[in-house]
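The two complexes that follow have chain A in common; it is paired with chain B in the first and with chain C in the second.
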Partner chain A sequence: MELLALILIPLAAASVLMAFRPAAGTARGLALASTLLTFVLTLWLWYTWGGETVIGIAKDWVPAWGMRFVLGYGGIGLLMLLLTGLLFPFIIGTGYKQPVGDAALVNALLLFSQSALFGVFMAQNAFLFYIFFELSLIPIFFLLLYWGGEHKRAITIRFFLYTLLGGLALLFSIAFLTLQTPAPHSADFTALAALDLPMDTQLWLFWTLFLAFAIKMPIFPFHSWQPETYTMAPTQGTMVLSAVMGKMGLYGIVLFLFGIVPAGTAHWQGFVITLSLIGALYAGVIAFRQDDLKRLVAYSSMSHMGLMSAALFTMNAYGISGGLYQALAHGVLMVCLFYIAGMLFLRTGTNDMGRMGGLKARMPRLALLFMLVVGNAISMPLTQSFPGEWLMFNGLWQLKPWMALVGIPLIVLGAVYMLYAYQRVLLGTPGETAGLELHDADGEEHFLLVPLIAITFVVGIFPNTVLHLVDAPVHQLLNLFPPLP
Partner chain B sequence: MSALILISVLGVLVLYVGLFGRKDMLAPVGILGVLGAIALFATGWHIPHELLGGMLEFDGFSTGFSLAMLAITLLVFLFGPDYYARMANNVAEQYALMLFSLCGGILLTAYNNMLMLFLGIEVLSIPLYVLAGGKKYSLRSNEAALKYFLLGAFATAFLLMGIALLYGLTGSFDMGVLAKHIAEAGTGSALLRFGIFFVVAGLAFKLGAVPLHFWVPDVYHGAPTLVTMFMATVVKMAAIAGFFRFVDITGMPDPLARILVLLTLATMLVGNISALRQTNFKRLMAYSSVSHAGFMLLALLSDSGTEAGNGADVGRTLLYYSFTYALATAGLFILFIIAKRANNGDEHHQIFRGLFQTKPWLALCGLAMLLSLAGIPLTAGFVAKYQVFLLAIGAGWLKVMGFGVLMALLGIYYYIMVARELFMASEEPVTFTVSPLNGLVIAACTIGVLLLGIWPQLVGVWA
Partner chain C sequence: MVSTDLLALLVPALPLLGTLVIGFGRKRFTANSGGGLATALVAGAFLCSLLLFLRHDGGTRIVHLFNWITLGDMNIPFAFQIDALSLWMMLIVTGVGTVIHAYSIGYMHDDPRVATFFAQLNLFTFAMLLLVMGSNFLVTYIGWEGVGLCSYLLIGFWYTNPDFNYAGRKAFVMNRIGDMGMVMAMVLLFLQFGTVNYVPVMGQAGAMSPDNPLIITATLLLFLGATGKSAQLPLLTWLPDAMAGPTPVSALIHAATMVTAGIFLLVRSSVLYDLAPYTQDIVLWVGVATALFGATVGLFQNDIKKVLAYSTVSQLGYMFAALGVGAYSAGMFHVTTHAFFKALLFLGAGSVIHALGGEQDIRKMGGLKNTTKTTYITFLVATLAIAGIPPLSGFFSKDGILAHTFADSPAAYAVLVFAALLTALYMFRLLFLTFFGSYRGTAHPHESPKVMTVPLVILAVLSAVGGLLNIPHVFGGNEWLKHLLATASEGVAAEHLDLPVSTEYLLMASTTLLVVLTIWYAWTIYGKKTTLDGEPAGMPFLKRLVARKWMLDGLYAWLVEKPFGWLSRHLFSFGEGKVAVPLTIGTGKTTLGLGELVRKVQSGNTSFYLFGMMAGVVVLLLITLLSA
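And now, the complex of A and B:
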């Protein structure tokens, strides 16, 4: 029942907002209350979780196509639920200081997408997964279309088509897989995972499935929608896209590729890791050359995602746990970074780092908050990203040492572009915007950033709080994989 | 049979009502009659029976299709009084001709004999030639009528030629005899191949399948919008039903499959590609109807005959697909007419701008119907497309289906372009006037599309 509530609470709140269009303050309050309620619910699920897969609700929908309404979660799903539950209150909270457009509509759209995202992470039936997967896209589409920046129409349509292409490839695969199950067909993940598909099928099926998730994350070379969309989108939209929706890709890889076509995945493993690492390096280099702060964060997100994908595809315990653990860390990081970019935009009216500089003297507290976040971004020890990065590199090393070696410039690059950005914005000679009426970070902004930064340190010091979630499922997955030659 | 008679008599009755100048009574009489026909069909549901010595055979498939066509006709008629409010003369003929055309459509769902096929196509088409020219003083309307008539006459000739060749082969018009001949003597004879080729050409013309689709955009564009709505919905359903029966009873012989693959690929490709750049909403809907014909053909392609294979499944899928497509299309056309009036007769898809600001619920209805046509989950259009893809995979047409998936993506693009307009602000204030009845019809279409999407078993076809 509480699983259904996770989907229904945001849905109900969004419907109320849509139907009655309350004033901005009420709308935000209601949205925040709803997201906090769902966060408490996810915490409750975490607290009561006993380590096994929980099935909360199972109802037949269209039995002829194996379509069933099954909601449940295992450790990995729970991690994703926690991520969604944790981050949405902050994403809604962003609207207080950095409002866009009609508050009732914006919050309604955000809540709709949250509802669908919960659905994605709880669906235990491939068909249901697909439905939520597509539904999560529609509110974001409107958010971008209405309140995006320059060239919003063209960029939004491109983003939409790109992701739908992936979605249709996924649908194709699900339809094919369902028909392979013994009659009466079932699209439940358990039934699909029990399929022992012949190797040649797995080889092509891997790609039709991978396409969907590679676009969503995104992984090089399927990324070309991402930087522009992240830059153009309103801050809250970018947060949902980068912090939560990108994780659908990671989750999908574990669920579909590892669970259903393990042999195919093992066959393409090296190729995909190479792609991911190329993408990570490439995005890192581009991030270094950016003048636009939001765009820099967008590329840094892509760089991190590339590394996470590479780590997942090592298909060993270190790599997979590291990649999954990092999903949460990356989500928290993205919300922080985009929030700070928004704060700076609010004060200076620009994202152009060339026009900033020397702002630290005017805004010391903002500078401190930024520093702490940057610490997390470059994986300083004691921050949340450090254990994740360590695990991921360990995983890569175990597979092929050269892969971990390729990752070393990545660490350097990440530190360089983040610190360089910090320097250009806050240090050095005062830029042209330094003369503006700048006020330092205020109480509300601390209220949003401090808890997130606190989480980074708590999890950084006690990574096991998160890692224990994925421990058992990862070992279960490892049993599925064919032994390495 | 009684329903068929009822509809024909109803057409004549409507003409008489018009003769006595009771324009206000036309639609009510028509609606009551259609409701009566629905009742007659509904009571005979699940009772297969043959008529006219086996020339017609009403089974679950034809009853279902007839009911669906009647339901859509009902929607058209409900919008009729509003649409024809400003037309003084000859309104009765419009209703009557639609009813006659509907009779032809019902024949097409149930024929078991090639004579009935021919009769059905003709009864369906001839009223449409007149209807397309319904706006007597509009150049476009006259162009549409003439084009439709000339090309339609050619298509009929093809069909007749095909039937004649098949008759020459078997010595009978009966479809059962033809099927038996194919089963026994194989598909080697040239008579059979040419016969099938010509019959398929005639049917593909009616369906608007590429390369026999050239009339579709011009006729849809030129004809009065209510007639376009009727053609895009009821006539489309009748055509696909007729096509299905031909394919199903003959059991998909080899030459037929080869023609169908080409038709399917071409229709999906050309329909979707051409729709991409359309800015006139009626032409866009015309190409959208071509592209949907392509997806229906894909389902048809997967048919291997009711006797031996999945024919029953294909029939159900086609019924579901065409009905939900018709529901969304009908609702959108009404919305289009409302927007067109608000913008002084403009037909560019930008006329929908400002709808969300002034009538948000209407815009959401429009969105739901567009998403259904595009095939986004939780709408009926998605369920329909998914079922088609399942059939295609089951029949081993993996590559054709992969191509279909790509084409579906293109389809999403042009529907989303229209959906975008629904939510854009307009430069100057536009007032959309929606009468309660029109609002109700649009809401009914939307609810139907959503309900069938969330709960596909509702129509009882998938147990």
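And now, the complex of A and C:
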């Protein structure tokens, strides 16, 4: 019943917000309460988890198509549930200081998205997964379309088309897979994973499945919707996209590609890793010269996602565990970075770093918070990002040393663009916006950022709290893979 | 009795406590209270280290705190390794650190952000202690990155100056370039040995045959990390720029401690290096080349701190040369004496800068020996020490390196001796131009307060007598430091020097004589100078090349920085603008056509659509639940 509650609580809260359209304060309060409640629920699931796959609810839905309503979770799903549960209170909380649009509507949209995301990470039936996968995005379209920045319509369209493309490929693949199961057909993941598909089928099926997830993360060259969308979407929308939704891609890779077409995945492994690493380096280089802070963060996100994708596709314990661990770290990081970009926008009215500079003199506390986040962004040891990076490079080297060697310049690129951005915003001689009335980070903003930063240190010092979630499930996965040649 | 484990824990914990207390209370702390607390905590760490050292029985003790990263068969503990090597480094870091912290109380007295300064200085000390105390590569790497970040913060401490910020970033990024090697080496060693703990890694590696490609790769990668942190060719240009930081920072981080981390790492891994003669040759020649590079460029610098910075680069080169010939204890000995005399030189320079109200250009100094007497005398001691005049500390430590190099590679020896003469030349040029002749500036020189001069005197005493730590056999000594370190390092234990005693005497005597002659030569040129050479532009080609730092900065700007900026801009404008977006789903005709579709959606009432969406889902859910 807790599982259903995870979907229904945000859905109910969103419905109330839509139906009664309360004032901004009430709307945010309700949304925050709802997300905190679901967060506590995910913590409860974590606390009570015994290490096995839990099926919470299983009902027939449309038996003729193999559709069943099955919710459950294993360690990897639980990690994603925790990610969603943890980050949404902060995303909703962002609205307090950085409001956008009609509070009731915006919060309803966010909650609706959260509900679908919980569904994605609990669905144990491929059709169900697909429905939630698509539903989760629709509210974000509206956020972008109504409250986005420049060229919002063109950007929304591009984003929409991409999603449509990936989604259709996924739907087609699921239908195809379901038909391969013995009658009565079932789209349950257990049934699909039991399929022993011939190699030539796996080879093309890999791509129709991968397309949806590659777009979602996104991975070079399927990324061209991402930078503009992240830059122009309202901050909360960008947070949902980068911190949580991108992880649907990683999760989908594990669930579909590793679970159902392992041999096909093993075949395309080298190609996809190369693509991911190229994309990571490409985005890391581009990030350096961006003037728009949000766009810089967008490219940095793409760079990090590229490394995570490469690590997953190593299909070894270190790589997969590192990539999944990093999904959580990256989510926390993205909320922090976009929140700080939002704080700066609130004060200076711009995201253009060329117009900032020397702001530290006026906002020393904001500078300290930003520096702590930068430490996590550049994977300083004892912050959350470091253990993930360490594991991922181990995974890459274990597969092929050259892969680690191609990826390792990322640790330099990250330092190059993040420290440059930090300098352009806060250090040096005062820029044109330094003359504005700038007040330092206030109590409310500390209330949001300090817990997140504390998490980055606590997990960085005790990463095992997260790693133990993925340890056993990843080893189960490894048994599925064909023996290495 | 306090347990050994608790003492070991206290050593890094005390400075960390200082960071937190002073950092969070930075509005309430003054130079005296904040600086006093910071100094006291580092002094406390020194006392704990000293106690540990006195109790040390020559063994290796692992202080296990908790399991840091555990996954499957990977278990990386957060633990300290207490042995002679780490204890020795802890003593240097906290000992010299205490003195420099105290000095900073005077030097930074009037800075409005003095509390922040001390919080960061304590944080640095904490990170440096993790670096030397770690029981495995990864804990060392925590400190390794931590000192890098503190270095970045402190170089750019006066953050309104864009050049200083650039210098800070440059330092961090060049260090990170080296860190690529460090990370890859750790990965390689872990995947090979299944652990990154020093003791088992060295144990297993020791059983392998020499010239194993794995060991050669690992040692080369580790050395890349060392070249970044310890400013060796080709990753050295950040160190002179790092002089942008406050002078105590230059003394502590960029002379006495952090930059010796690379040497420490190689000594820690001496088992690996002894198995890789190929890498050792590279270490030797990189060290020799860097020693020469620093010494030549140092001759042409006019900023008092830049002279010392190139000198540091050069002296670090000596240490690596020692490691390259397997003389690990000689390298560590020079780390020790260099920490004394170079910290002293920097603090002395700081005292001069303080005396002249911020002036750093030696062309505008001169004649200060009368007005800043304590500074002058201590600076003289340090200068004699670094020049290698017996019986000061530098003589013994440099002689150890030269003797071992001579036995291994006479060619390298010749270059190092030449660099030693240059060292005497640039150091006495600095000394004469600063303290002799007549004053060429416009300020009103005055001696620094006691809180600054007492540290100078302490370091001067150490610089003078530090040689006693490791008196070689030819002087009837027993090489105390070497025997101490031999308990912790197999590389040190395996050292040997096959030189006839007469040869050793001859080498020492000839080098000393040449150095004395060089000092005399320096006196004839710079002793009574009142004006100085012009700018590099007017010099002959070779001289100009050296004065312009062998064009290394320009080379990097042309080969790396500019192309990188170009690439970043063009990947964005061309790669993203002209290829990625148009080729996939662009803003072109497709979009316009499909735009019509979306417009229809958009023209409606949002709430209506959202309601429709949610209603659909709810209905589906209800059907499901009720159909059971």
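In this section, the second predicted complex is superposed on the first by the 485 of 485 C-alpha atoms of A that agree within 3 Å, B and C clash if a C-alpha of one lies under 4 Å from a C-alpha of the other, contacts with A are read in each partner's own complex, and residues count from 1 in each chain.
Keep this in mind: contacts are C-beta pairs under 8 Å (C-beta built on N, C-alpha and C of every residue); 3 or more make two chains touch, one makes a residue touch a chain.
Just so we're clear, the structure is a prediction, and the values are computed from it rather than from any experiment.
S.K.: Classify the contacts of A:153 with the two partner chains as first (chain B alone), second (chain C alone), both, or neither.
M.R.: Both chain B and chain C are touched by A:153.
S.K.: One more residue to check, A:334. First (chain B), second (chain C), both or neither?
M.R.: After superposition on chain A, A:334 lies in contact with neither partner.
S.K.: Classify the contacts of A:130 with the two partner chains as first (chain B alone), second (chain C alone), both, or neither.
M.R.: The first partner, chain B, only.
S.K.: Of the two partners chain B and chain C, indicate the one touching more residues belonging to chain A.
M.R.: C
S.K.: Scan A:165 for contacts with chain B and chain C and give back first, second, both or neither.
M.R.: In the superposed model, A:165 contacts both chain B and chain C.
S.K.: Once the shared chain is lined up, is A:475 touching chain B (first), chain C (second), both, or neither of them?
M.R.: So A:475 only meets chain C here.
S.K.: Scan A:9 for contacts with chain B and chain C and give back first, second, both or neither.
M.R.: In the superposition, A:9 contacts neither chain B nor chain C.
S.K.: If you stack the two complexes on chain A, which partner ends up touching A:394: first (chain B), second (chain C), both, or neither?
M.R.: second
S.K.: Using the touch definition from the top, say if A:423 reaches chain B (first), chain C (second), both or neither.
M.R.: Touch status of A:423: second partner only.
S.K.: With both complexes overlaid on chain A, does A:175 touch chain B (first), chain C (second), both or neither?
M.R.: It touches chain B, and chain C stays clear.
S.K.: Across the two complexes, what residues of chain A are contacted by chain B and by chain C?
M.R.: Residues 135, 138, 142, 145-146, 153, 157, 160-161, 165 of chain A touch both chain B and chain C.
S.K.: Once bound in the complex, which stretches of chain B touch chain A?
M.R.: 371, 376-378, 383, 386-387, 389-390, 393-394, 398, 401-402, 405-406, 408-409, 412-413, 416-417, 420, 423, 456-457, 462-463
S.K.: Touching chain B in the complex: which residues of chain A?
M.R.: 62, 64-65, 130-131, 134-135, 138, 141-142, 145-146, 153, 157, 160-161, 164-165, 168-169, 171-172, 175-176, 178-179
S.K.: Show which residues of chain A lie in contact with chain C when the two form their complex.
M.R.: 7-8, 11, 14-15, 18, 59-61, 69, 105, 108-109, 112, 135, 138-139, 142, 145-146, 153-154, 156-158, 160-162, 165, 220-225, 227, 282, 285-290, 317-318, 321, 358, 360-361, 371, 375, 380-382, 387, 390-391, 393-394, 397-398, 401, 404-405, 408-409, 411-412, 415-416, 419-420, 423, 426-429, 461-464, 467-468, 471, 475
S.K.: Across the complex, what residues on chain C touch chain A?
M.R.: Residue positions touching the partner: 66-72, 74, 78, 138, 141-142, 145-146, 149, 152-153, 156, 159-162, 165-166, 168-169, 172-173, 176-177, 179-180, 183-184, 186-188, 190-191, 564-565, 567-569, 571-572, 575-576, 580-581, 583-587, 590-591, 594-595, 598, 602, 606-607, 609-611, 613-614, 617-618, 621, 623-625, 627-628.
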